[in-house]
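Same chain, two partners: chain A is paired with chain B first, then with chain C.
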Partner chain A sequence: MRKYDVVVIGAGPGGMTAALYAARANLNVAMLDRGIYGGQMNNTDDIENYPGFTTIKGPELGEKMYQGTVKAGVNFVYGDVQNVTVDDQQMKHIQTDSDELVASAVIIATGSNNRKLGVPGEEKFSGKGVSYCAVCDGSFFKGKNVTVVGGGDSAISEGLYLANVTDGVNVIHRRDQLRAQKVLQNRAFDNDKIDFTWNTSVTEILGDENHVTGVKIHNNQVGDDTTLDTDGVFVYVGNFPNSQIFNNLNITDQAGWIITNDQMETTIPGIYAIGDVRQKQLRQITTAVGDGGIAGQNAFEYFEAIKHRQTVKD
Partner chain B sequence: MSTIDKTLTLINFENNWCAQCYTQRPIINKISHDFNSYLNVRVVNSDAHPELAKKYNVYSAPSTILLRDGKIVEKITRFIDQSQLTTLIKYYL
Partner chain C sequence: MVKNLTDKDFVKETSTGVTLTDFWATWCPPCRMQGPIIEQLDKEIGDKVKITKMDVDANQKTPMTFGIMSIPTLIIKKDGQVVDKLVGLHSKDQLKTVLAQYTN
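Showing the complex of A and B:
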């Protein structure tokens, strides 16, 4: 059992910022992640809306943020967190798959995960043509045609990335217009390798024993069903919060997003939530980073208050 | 790829862009060490060797393939943790 002042769960942009602030306030900080640091930035090609960089690759920004935390003295710990409990002394016990950590304060920064389409064939062909990460899997589709499902920022920006590495991209969207930022929309409309199938839902993913060969689609306006040939299906239809492991704490709304006030405090003293996992309007790197700074600073103040109370008692 | 003289061969496909490949790598190294006498381990960068990805019908990184006597017996097209991979290898040994 290792003891820290603050444990940050998740090393995405939110978690790394919170850890940086807490460590710079001289706290002993552990930052836990079940994968490599960087979070969803690792699945992103070009980031063009993080101030200070006209454009930067996701993994590169993750690396830069990580170097900052190392310099500040943050301890990076590998571990898949299973649950968090609070004891009578208000200490937080963080159980991972291989260890237990104890801390005065916990900052939850577990982010979100991609929502699945939930159609037949998706599970079967996952990793065999169905993908949720264009930068991880795009290069397997050189010289091939792929389908992107979705119409938000992620769908269009990753569609643009795929247009660079594949022969052609068909974006299937269930509405008649995109939700993505205008600048991305214009770029996609101007790209010869990208075309659009509007008002359409994917109802099944088809394939042979080895990989995807097509999709069954349903036109929501005309009502007809057809089949399209494709070698790969990249799914970007929204996210769900990585908060199931905190169910015992009762800190989420019905959809699972963690509720906080504007100080990133949950209803449990000393437990904060930041970034994508939090109930909020805009889920972006900049907002995760903003949340992280606030929580890191507040964790420090919480820790100082406990220390003060302890000294008075003694 | 060199000839297969041990019972089992494990091929792990990875690339520099895939976050889970970083997590998979130490597990493959550990497995390679633990089963050294029985298992051939090959790590393939799929960007550098698209022909191998094609040959084994690999479309995702990380992917791990187990071959026995040159025939594919398992294909895991996602991250696999150490205990699951150990169980699989023991099963085929």
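Showing the complex of A and C:
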């Protein structure tokens, strides 16, 4: 059992910023992650909306943020968090797959994960043409045609990435317009390797023994069903919060996003939530970083307050 | 250190006992997360399972025979026969559970 002043769960941009602020306030900070630091930035190619860089690769920005936390004295700890409990001394116990950590304050920064389509064939052809990561699997589709499902920022930016490595990209979207930022939209409309299929949902993923050969689609306007040939399907249909492990704490809304006030405080004193896992409007690196600064500073103030209370008691 | 296999030595290196091979590439972020997990697993599991990896950029033949189109993919063999194929990032505990089926 290791003891810290603050434990940050998740080392994405939110968690790294929170850890940086807490460590610079002289607290003993552990930053836990079940993988490498960087979070979702690791699955991103070019980032063009993080101030200070006209453009930067996701993993590179992660590396730079991590260097900052190391310099500030943050301890990076490997671990898959299983649950968090609060004892009657208000200490938080963080159970990982291999260890237990104890801390006065906990900052939850576990982010979100990609949602699945939930159609027949998706599971069967996962890894055989169905993918959730263009940067990882795009190069297996050189000289081939692929389909992107979705119309948000991720769908369009990854569609643009795929247009560079494959022969052609068809974006299937269930509405008649995109949700993605205008800059990305215009770039996609101008790219002659990208086509759009509007008002359409994918209802099944088709294939032979070994890989995807097409998709069955349904036009929501006309109501007809057709099939399209394709060699790969990249799914970008939204996210769900990584908050199931905190169910016992009762701090989420119906959909699982963690509810906080604008100080990043949950209903439990000393437990904060930041970044994508939090109930909010705009899920981006800049907003995760902003949340992180606030939570890191507030964790410091919380720590000082309980320390003071203890000294008065003693 | 987990040994890097090539198209040339893959069959030989995975022909006896229980083996696990992690197919990866430098440009694949989840592979960068899988890497340290595999290293840790190798240390903990000892001689029970032979843990290896293969860079799909430098070796195309083996990944193609297994129809790999997504990485990381982990191929588990027992006495030279493929017994399991896991696609995507897997935690150390998940891997231990899967491997236990073949070592016991």
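Basically, the second predicted complex is superposed on the first by the 314 of 314 C-alpha atoms of A that agree within 3 Å, B and C clash if a C-alpha of one lies under 4 Å from a C-alpha of the other, contacts with A are read in each partner's own complex, and residues count from 1 in each chain.
In this section, a contact is a pair of C-beta atoms (placed from the backbone, for glycine too) under 8 Å apart; a residue touches a chain by one contact, two chains touch by 3 or more.
Treat the numbers as computed from the prediction; the structure is a model and nothing was measured.
Annotation for the three-chain superposition on chain A: chain B and chain C clash. Using the contact criterion defined above for the overlaid structures, shared-chain residue A:Pro59 touches chain B and also reaches chain C. By the touch criterion defined above, A:Gly35 reaches both chain B and chain C. When the shared chain is aligned, chain B and chain C each come close enough to touch A:His211.
In the overlay built on the shared chain, the residue A:Asn219 is in contact with neither chain B nor chain C.
By the touch criterion defined above, A:Gly232 reaches both chain B and chain C. By the touch criterion defined above, A:Lys142 reaches chain B but does not reach chain C.
Contact with both chain B and chain C is seen for A:Ser131 once the two complexes are overlaid on the shared chain. In the superposed pair of complexes, A:Thr96 makes contact with neither chain B nor chain C. Comparing the two complexes, residues 34-36, 38, 42-43, 59, 78, 126-129, 131, 133, 135-137, 139-141, 210-211, 232 of chain A contact chain B in one case and chain C in the other.
Chain C meets chain A in the complex at residues 25, 27-33, 36-37, 40, 67-71, 73, 85, 87-89, 91-93.
For chain A in complex with chain B, the residues that touch the partner chain are 34-36, 38, 42-43, 59, 78, 126-129, 131, 133, 135-137, 139-142, 210-212, 232.
Considering their complex, residues 15, 17-23, 46-47, 50, 53, 57-61, 63, 77-78 of chain B touch chain A.
Within the complex, the chain A residues that touch chain C are 34-36, 38, 42-43, 58-59, 78, 80, 97, 126-131, 133, 135-137, 139-141, 210-211, 232.
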